[in-house]
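Shared chain: chain A. Partners: chain B in the first complex, chain C in the second.
On to the complex of A and B.
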């Protein structure tokens, strides 16, 4: 959407008309700023409001143990959503031709299966970790090649790769649960300091690392440049394809990492990884609302992941049917996107 | 949305490679005939058409309209489910079949109206809007069915007219197939030979041009998404009458294949645009591959890998081609 807007406004003569009413432009800009501010703070306010409500309604909600558990449970989806966010940043927000990686959830499934199978085959954790991360990286590489070399639009390339990867997972596991338990895996799924799960710490550290690279380094800045206006980035001498490939490799690696996390969390690899796909897509897209300029950010994605997890957790504690969760997710995304779209439209007029 | 910058260029080189889809189709057909003798039998080919082709073709045609308009509809499965639910509920309530059919189409079109409001009314991009619809729809179905329980139609309580939809025969051709053919022909006529179709295609190529031409872009877009949901609702009707059960959120099973078939079909067009013949050929390819792999006795799990690889190669050839052409 923002890419479209960016393309359209400079290239269309008709949009020159927007400057005729010069006097009111600053006022409108201010109004828009206020509205964006309200939306951003509003979404944070809603987040906090929901947390406060759950804390009052369900006394157990606001305890270190529960919050730690929610963080731990968010680790798998969080790492996936962060991978997707990197792709969305580098590919732009046009979901069909730009940044999307539909193969992420299947990637997680296959990486987990590879890890569990290697452990079953008597290999050590080191080999299994290399196997899982290598699998993820390889999937990312195939995506990158299909998109930058063959020129397939990301939506389709990753869709086809998703099918192949999901099939390979079935071939590897024969559609069964492959149990795996090693010392390393139990350390991961155990509780760490302050009774908070190790997975929770992992999620926070991982987010911090990726956020540091994406939000605070020249590489990250260029990633945004490539995504928001590829033509300009190319004109400025950036190697667009390299950045896009890099983003898909990074997201593949995230898939491999979350595969490892899921093996530890579930004590093995299970089927049905594909069900994670759409929730992860929604989470990554939802994350934009937690950023200052309404763009995808790593921190925003973490907040969105936690928001969804806290909702699910709160519903469970309050005995509200968990079937409502997907509806709430859907409504959230629609609300958020409507609000941002209306704001952008107002800003462009 | 419309960034697939169609550039006129020489057709000679591309002309050949453009038919990657046709070539893939012929090759797949030849290979399966060679390895599985049962493949070529009339009975088998008919079963492919009825069991694999008909339903997916209807959904993929619906998808083609959305993609032709420069968007996408991730909620086709939701429209299928809503139609299916309305149909089953009305039949169970003892309503006559024609009324139940109308109710089902109306139920499915609700999804389209919802999408239309989001996309043309508010201006949300189709991907996000229909993704939201998919999630809201899933929740709505779980609420309607007490947490996602299937709704069965007892075989005894099913009227004859109902059975006809799923298992009947018109002039020797099974009804689902007849419906699919009628919809294919109708969709082809609408997309290629009517004013509405031209506007839809123009929207997909350059939406702003449609607006500057003085056409009510938002109205056309709204109509497109309602049309998509109504076509998908027909698939819901047929699937329900075939299996006599409504399973919440089961329609999503068609989603990815429908998208795949539609985009595989775009490789048939010189400008890479969505088109009905291409979509139909894409569906045919997917159905033949599914059936052929089954007959070939290949491990069931490898079948999915093989299908994915095939889709991947067709797309890779098609897009690499288009890229080479636009560079020339």
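On to the complex of A and C.
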């Protein structure tokens, strides 16, 4: 291993440094640590509390069937939220100037429309898959170019791309439902082992794969460095723009993938993909409270996805109006963003 | 300047000679040379704009020279790329510590060259943790919890991590760029000890600093840059802070503190037994027209609080303030301003100027009523006054409409003073007027203070720079634990005398002035 610093020859006067008495982590960090701990454990407690409450209030809630269903229903939002998480990691978690991809939901809509249209046009699943993933990748590439080449902040660049993509979807589908059913799509939407939907397994496998790369490889570590402190990444010899572009390509690909999942789930492409945006943003931001360092993580995003889905599911089972759901989501954004912002500001002082 | 003849060819690890670099029309470097001898600590000094950072960026491969020769370790290079510089063993410790705040120490140390678990694409976090703990403990005596994040470390600890990052690459040359800017004195001394140790290990150090005393303490050799060229390379043992300072500005040292002879007029401001509970007590002094009075004291000695009281930011709990025979009571800055008092605060970027307003707007900010007619601003009058002040104070700005944010520190300070000139204030309270500005701007500020005195104003300067204080004032009053313990006649006093009084070393010789 090249890092095995030859520099640390035993001849060094090791004692010379002993009198430095540079004491460890200052006390002020302790308060912050406690607050982070409280936020993190508190969020987990709320999550578990909500599950317990629903289980008692609606007996059907805590059954394998229901949990499997919720997992399956979460797959589309989950894949999108993971894409967004990658972008937030690489772009930094500042909501205004940092990484964000507002085009993700529209991306899913267009990718789904492309898939369904190709099937309608008599193409096979392979072509349709390539078409959908290619569409997502292309959208990611446009985002990447607008951000790294033209230097537009992600919030604005992806907002513009979102509108263009949503418009293209309207042109392609004439604002109608495009039905699609193939054997491949039926397999995806069917139940797998233990009566749990295949989509649920897909979500778990996908999360595990992305988490392996993002949390456990050098590429993932560098992605965090690029987002948190681009100058430091540059000083470490990393090519910042390359990582940012890569993140937007990855998130575009996630959009394409979730497009395929949605075609299978809804047996075609439907309108109104844009409604997914808010839940996906909530999910990705909420995910940060499940991390010790208050940074976005893939695992945290999965937990947040499940939390939001269980919340919606519980509301439905309890016959609480679904119009309340977006109110609750908005509230969650406010809570999470203010808590993390306050803590981060404290940490930087 | 002088070229190759003087240098011992083989001993120099870095040789830049005859470097010319232009940015558009501006010539940043004109025939600059730098030779750094292997195994030494080499200082590089110069005012802001002298070309230090251009030269360093050139060495880092971030800029390309228009002309000149670069030789590293005896090999000539036409140009350098950052990667190449790294491979040649030259590493930079940046002023702002470039470490990711949410990373653990191990992650920050190994970013960009992460160890992997053998045979997998995965990070070896355990190895990173062990290795970093081992290095930091063995080499720096620094023990941090495994879970410690960079954001939780002190400035000094972060610097150690940054230096360690460079050491992992087994460097030949370490370049320190203003490394003590964020450190307290004790931490800075630890850093110096560390730098000496690195030199003794055979690493060559290039050390860039504004603080000449550090250069003299630490370096073996120093190169002075001025106006884009190297004006001298001196052995530190044979030079002094004063000589280096004079070379940097190309001024005689007497010109550093221009002080016109001004006859003192009538008593202007008198303090009679002024006190502020728990801050200072029994302060009596007289400031004459045309006089520059110096105040100094350690933090908490009460000197700063006295200025704040005079400007109405604090309310005295005993005693009286008399201005030209009238007992006044300034309970607010507005009242103090009406009595012709002006405060130029230490933190000018926060309190002294409005960064996002133009030079014109700033200069008239304290006296808008003088530029208003029937409640409306007379923009023409404002502009005329502003141009007059820009001219008079030689404020360097693109235009009167440029934002103050875009000005250099010295010029911002001039704007902060100009604000009061347009109001025709007559008692100036200057709190650390020259802190953070380069030497040329300092001299201009001193000149301005002299001019104010010549026009009959009374000036109180609070400063912790004793050389400066003795150079520009008539008398210096030393605060110690809330009281004036000594009065010095500036022209007859050495800095050592003031320093001894300031720190209480002379407590037995107390003589209240």
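Basically, the second predicted complex is superposed on the first by the 315 of 349 C-alpha atoms of A that agree within 3 Å, B and C clash if a C-alpha of one lies under 4 Å from a C-alpha of the other, contacts with A are read in each partner's own complex, and residues count from 1 in each chain.
As a working rule, contacts are C-beta pairs under 8 Å (C-beta built on N, C-alpha and C of every residue); 3 or more make two chains touch, one makes a residue touch a chain.
Quantities reported herein were computed from a predicted structural model and do not represent experimental measurements.
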{"item": "First (chain B), second (chain C), both or neither touched by A:125", "value": "neither"}
{"item": "Chain B versus chain C as contact partner of A:236, first or second or both or neither", "value": "second"}
{"item": "Chain B versus chain C as contact partner of A:218, first or second or both or neither", "value": "second"}
{"item": "Which superposed partner A:337 touches (first chain B, second chain C, both, neither)", "value": "first"}
{"item": "Which of chain B and chain C A:328 touches, first, second, both or neither", "value": "first"}
{"item": "Which of chain B and chain C A:101 touches, first, second, both or neither", "value": "neither"}
{"item": "Contact residues common to both interfaces of chain A (with chain B and with chain C)", "value": "1, 7-8, 12, 14"}
{"item": "Chain B - residues contacting chain A, complex", "value": "1, 3-4, 72, 118, 122-125, 127-129, 131-140, 142-143, 147-148, 208, 212, 256, 259-260, 263, 299-309, 311-312, 315-316, 319-320, 322-323"}
{"item": "Sites on chain A touched by chain B in the complex", "value": "1, 4, 7-8, 12, 14, 94-97, 146, 149-153, 155-157, 159-168, 170-171, 174-175, 278, 281-282, 285, 321, 323-331, 333-334, 337-338, 341-342, 345"}
{"item": "Chain C residues touching chain A - in the complex, by the definition given at the top", "value": "82-83, 86, 92, 94, 96, 98-103, 107, 110-116, 121-123, 127, 131, 135, 138-145, 147-149, 151-154, 156-157, 160, 167-168, 170, 187, 190, 193-194, 197, 201"}
{"item": "Of all residues in chain A, those that touch chain C in their complex", "value": "1-3, 5-8, 12-14, 16-22, 24-26, 29, 32-33, 212, 216-218, 220-222, 224-225, 228-229, 231-233, 235-238, 292-295, 347-348"}
